[in-house]
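Heads up, the next two complexes both have subunit A, just with different partners, subunit B and then subunit C.
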Partner chain A sequence: MYIKEVCAISPQLTYGTEFESGHFELHDKGILYAIEPSYLDFIPASLLRRMGKAVRMGIGAGLPLVKKYPGIEGIIIGTANGGLEDCIRFLNQIVDYKEGVLTPTSFVQSTPNAVAGQLALMGEKTGYNSTHTNGSLAFDNAMLDAQLVLETAVKPMELLIGAVEEISDYNYNIDTLNSHYKSESITNEELIRSTTAGSLCGEGATMCVVANTADHAIAEVVDQFQVCFPGKEELTGLINNFLDKNGMSPKDIDLLLFGNSGDGRTDHWYNDLQQELFPDKQITTFKQFSGDYRTAGAFGCYVAVKLLQGNHRIYGFDHLRRPRTVLVYNQFGGERHGFILLRGNQASIA
Partner chain B sequence: MEISRDDLKLEFKQHLITYLNLLDIKVEDIKDDEPLFGGDLGLDSIDSVEMIVLLDREYGIKIKNPTEGRQVLVDVNTIVDYIIANRTK
Partner chain C sequence: MRKVFITGIGSISSLGLTVEQQLKSLRDARSGIGKATHFQSVYTAQLPFAEINASDDELKKLTVCADPGVTRTTLIALKAFQEAVADGKLSQQQLSDPRTAFISSSTVGGMCYTDSLYADANNKGETSEFYASYEGSNHTLQIVKKYELKGYTDTINTACSSSANAILLGTRLIQSGRADRAIVGGADCLAKFTVNGFNSLRILNETPCRPFDEHREGLTLGEGAAYLVLEAENLVGDKKRYAEVKGFGNANDAFHPSATSDDARGPLRAMRDALQSAELSPFDIDYINAHGTGTVNNDETESFAFITIFGKQVPPFSSTKSYTGHTLAAAGAVEAIISVLSICHGEIYPNLNFEQPISGRGLIPVTKLQQNKQIKHVMSNSFGFGGNGTSLIFSKCT
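Presenting the complex of A and B:
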């Protein structure tokens, strides 16, 4: 499976060229809110006024790609929570108004498949349309789905895949009570070095155009792999098998892009895997840009593609050698682990 | 104290903007006799449901008959007249 283009709305200025030019957006309020573009430039006001933030970000990142690639036949989205703010607002209304007359918009916009559905309506796409909601592996499953669709296609095919997650005040408070986030005040620049409990909350939408032919591709998704509740030794063996299945070994990986979240309770998964299998490899992280959320792995993919394209002006990446292969590893809460193996487009490298 | 018809129009327009999340529309942009549907506001059928919810929650009015709804949800004047005649709160 090949990646033709990527687009992201994130807590960094990824929608323009600033992020790739080395700008780093510092967040010091404990929450990394996405920096949203001016949607009215390309989303009609009559539609925009009904969209919750997750839908807005998903459309904002996906619609330009759908318009640019008219050959896109299907849309596959991964989201753990979808339009959570609208969802909880709707649930609260059921209680507040004693199951009486309810406003339809919150309900319509809060369903996880609102993003893929709205993209299909606005892009006039009537093909395969699916949304995966498997918590922190939602994007990994969307990618697996795309892989299966493209591998079984009998002709050249393009799909839009992506992930969306929004910060909802309600859920942020629940996750805070559940110790997901740090109690002390730190900036996102300090996040990865932190060893205390919890992380910083983030949000965003990442979209990719993928295809089963290498024409005009900027990267290749060699394979992806996911596992739930593994033991440490088991995980090491599984990664070896995963690489072996793709004709590779740890020495063939040029760069590890890890989803360290600065959570002292779970970052050992990354550190131990690196020491066990990749002790002499280049390693870097991406959640200092995005914060932590369940489908942040999609943003990791976005960053990996930029690195494979040879962009080392991204903040903090100037010391990295241009990789030909990147292994993106992201886990959430030490329970669900996703790996995405990417390779640079050899033609573009040459 | 009973609210005047003009104040009620103003209040209704504010509710309309809030409930329908009308971006970049101000109270003064909504004319009293401008058709709410098919006019410059660009409202659609989902907005009509939102307006029924608005009337229920803010004024205790329940519109259950679609024919009645079509006669009421015409413009601000017709809705405000209906509110004055039927409000329960």
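Presenting the complex of A and C:
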């Protein structure tokens, strides 16, 4: 499966060219809110007013791609929580008004499949459409779903895949009960080096056009692997098997792009795997840009694609040699672990 | 491509706590719709529901689950999961095999206890025991942990077509060789969140739903969970094979966030794609287990789709939501199992509460139990909010 284009709305200036040119957006309020573009160029104001942030960001990152690639047949989205703000807003009305007469807007907007549904509606795409909500693996699931559709297609085909997650006060409260966030105040620039408990909350929408032909591809998705609740040694073995299955070994990986979140309780998963299997490999991280959220791995893939394209101007990446292969690893809370193996477009490198 | 067989089934709904109990209710034309007693909401006084006849505590005993923070969604999922894997005779080794996938689905997921979520999300009062269980995929994670599942796992939420898509995805994983076996389905329990949501859309019927009837006024919400064990043909051996997953189609209506189009473009594409992938003609279909929610909109659109595809020869069809209510994410799997029972027993379970055909459509569903029928191919439809629609075809094993 090949990637033709990527687009992200994130806590960095990824919607324009600033992020790729080396700009780093510093966040010092403990929460990394996405920097949203002006949507009015392509979302009618009447529609935009009703959209929750998750739907808005998903449409904002996805619709321009759907319009640009008329060959896109279907849409597959991964989101752990969908439009949470609308969801809890509706829930609060239920409780505050003791199940009185309510308006359905928040209810309809809150369903996680509203993003893929709206993209299909606005882009007039009646083909394959699905939404995966499997926590931190939701984007990985969307990617494999796309791969299954594309490899059985009898003709050249394109799909839009992506991930969306929004910060709402409510999920921030719930995740705080789960001790997901740091109690001390640090910036995102300091995040990865932190060793205390918790991380910084982030959000965003990442969208990719994927296809079953290599024409104009900017990267290739070689394969992916996921496992839940592995043991440490078990994980090492599984990753070896995964690479072996793809005719590779650890030495064939040029760059590890890891989801370290500065959480001293779980970052050992990344550090130990590197020491065990990839001791002399280039390694870098992406959550200093995006903050931590379930489907941040999609943003990891966005960064990986930029690196595979030869971008070394991204902030803090000037020392990296251009990779031909990148392994993106993301886990959340040590429960679900996802690996996505990407390769650069060989033709463009040559 | 390898064939994919159904080798185990497990289901819980208002019709019964096991597949066997549900089969009896289906044959006796005994609907599970009535007055809710476990579910707490102001609407239980005004509206009928299709409630599972077991309290959370009873479900904990039935599933031997005493873990804290386990929601009703997880409990009913566990119950159906346990029945399915026991029926499919899966060993612990097979469950933990990296080539065994688990694909579940839910819409309300871990948010089924509206009041505790309200307190935790708004920082009101003491933290509830469910604070770590609210995610839509929480029930999946709990089952993965409990049964030490090591293969591909997924949770899907495409509203009312969710578990139909779980069946579709499990089938494709096996066909592609990425998995040998998949446990697929979904779970949704009654929750204030959903009831108030559907009520705000004014699509809940004040009397038990009457799918495909001229005077239908909306759907009846139900709760349920169902899982199917799918296995690659080369692994089945001499195991019991209930049916083959023969075809599938997934399409989007691209019309409206919470209504289907007049020209049924999404449902039509899903049904046509299902027929094409099954390499069957419309005339091969012996029975359709319709989506048939009982809303004015759905049944009108679905009838139009039937007439468009099948012309004057619409096969026998019924909506078993007249028994189970609409179990949302679970509906696709609950109805897949009813479809499989139709194939295995040569029976068609009736569409209850039907009196008068929809004017201008004239379609009459099966209204009495039909037995001793040769049922080779069944189409099962699931259409949902967001324009999501999936049609599946199950076939008798040859």
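Quick note on the criterion: the second predicted complex is superposed on the first by the 350 of 350 C-alpha atoms of A that agree within 3 Å, B and C clash if a C-alpha of one lies under 4 Å from a C-alpha of the other, contacts with A are read in each partner's own complex, and residues count from 1 in each chain.
By our rule, a contact is a pair of C-beta atoms (placed from the backbone, for glycine too) under 8 Å apart; a residue touches a chain by one contact, two chains touch by 3 or more.
Not measured: the values here are computed from a predicted model.
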### Query
After the subunit A overlay, clash or fit between subunit B and subunit C?
fit
### Task
Examine A:Ala45 and indicate which partner it touches, taking first as subunit B and second as subunit C; both and neither are also allowed.
first
### Task
Between subunit B and subunit C, point out the one touching more subunit A residues.
C
### Query
For the overlaid structures, how many degrees, to the nearest 10, lie between subunit B and subunit C at the C-alpha centre of subunit A?
70
### Message
According to the stated criteria, A:Leu255 is in contact with first (subunit B), second (subunit C), both, or neither; which is it?
### Response
neither
### Task
Examine A:Ile161 and indicate which partner it touches, taking first as subunit B and second as subunit C; both and neither are also allowed.
neither
### Task
Using the superposition on chain A described above, determine whether A:Leu235 touches subunit B (first), subunit C (second), both, or neither.
neither
### Message
On the A-aligned overlay, A:Gly117 touches which partner chain: subunit B = first, subunit C = second, or both, or neither?
### Response
second
### Query
Which of the two partners, first being subunit B and second being subunit C, lies in contact with A:Met57: first, second, both, or neither?
neither
### Query
Which partner does A:Val303 contact after superposing on A: first (subunit B), second (subunit C), both, neither?
neither
### Query
Given the touch rule stated above, what does A:Pro104 touch, subunit B (first), subunit C (second), both, or neither?
both
### Message
Contacts for A:Val209 in the overlay, against subunit B (first) and subunit C (second): which applies, first, second, both or neither?
### Response
neither
### Message
I want to verify one number: the closest Cα approach of subunit B to subunit C after the superposition, in Å.
### Response
9
### Message
Output the subunit A positions appearing in both contact lists, the one against subunit B and the one against subunit C.
### Response
101-104, 108
### Residue numbers on subunit A that touch subunit C, as the complex places them
74-75, 80-82, 87-88, 90-95, 98-99, 101-104, 107-108, 111-114, 116-118, 120-121, 123-135, 137-138, 141, 144-145, 148, 151-152, 170-171, 173-174, 177-178, 226-230, 238, 335-336
### Task
Spell out the residues on subunit C that touch subunit A in their complex, using ranges where they run on.
41-43, 98, 107, 109, 111, 114-115, 117-118, 120-123, 127, 131-132, 134-137, 140-141, 144-145, 148-150, 152-159, 165, 169, 172-173, 175-176, 178, 192-193, 196-197, 199-201, 250-258, 265-266, 269, 384-388
## Note on the structure
Listed in rising order, subunit A residues that touch subunit B in their complex are 40, 45-46, 48-50, 97, 100-105, 108
### Summary
Touching subunit A in the complex, subunit B uses residues 19-24, 42, 44, 46, 49-50, 52-53, 56-57, 62
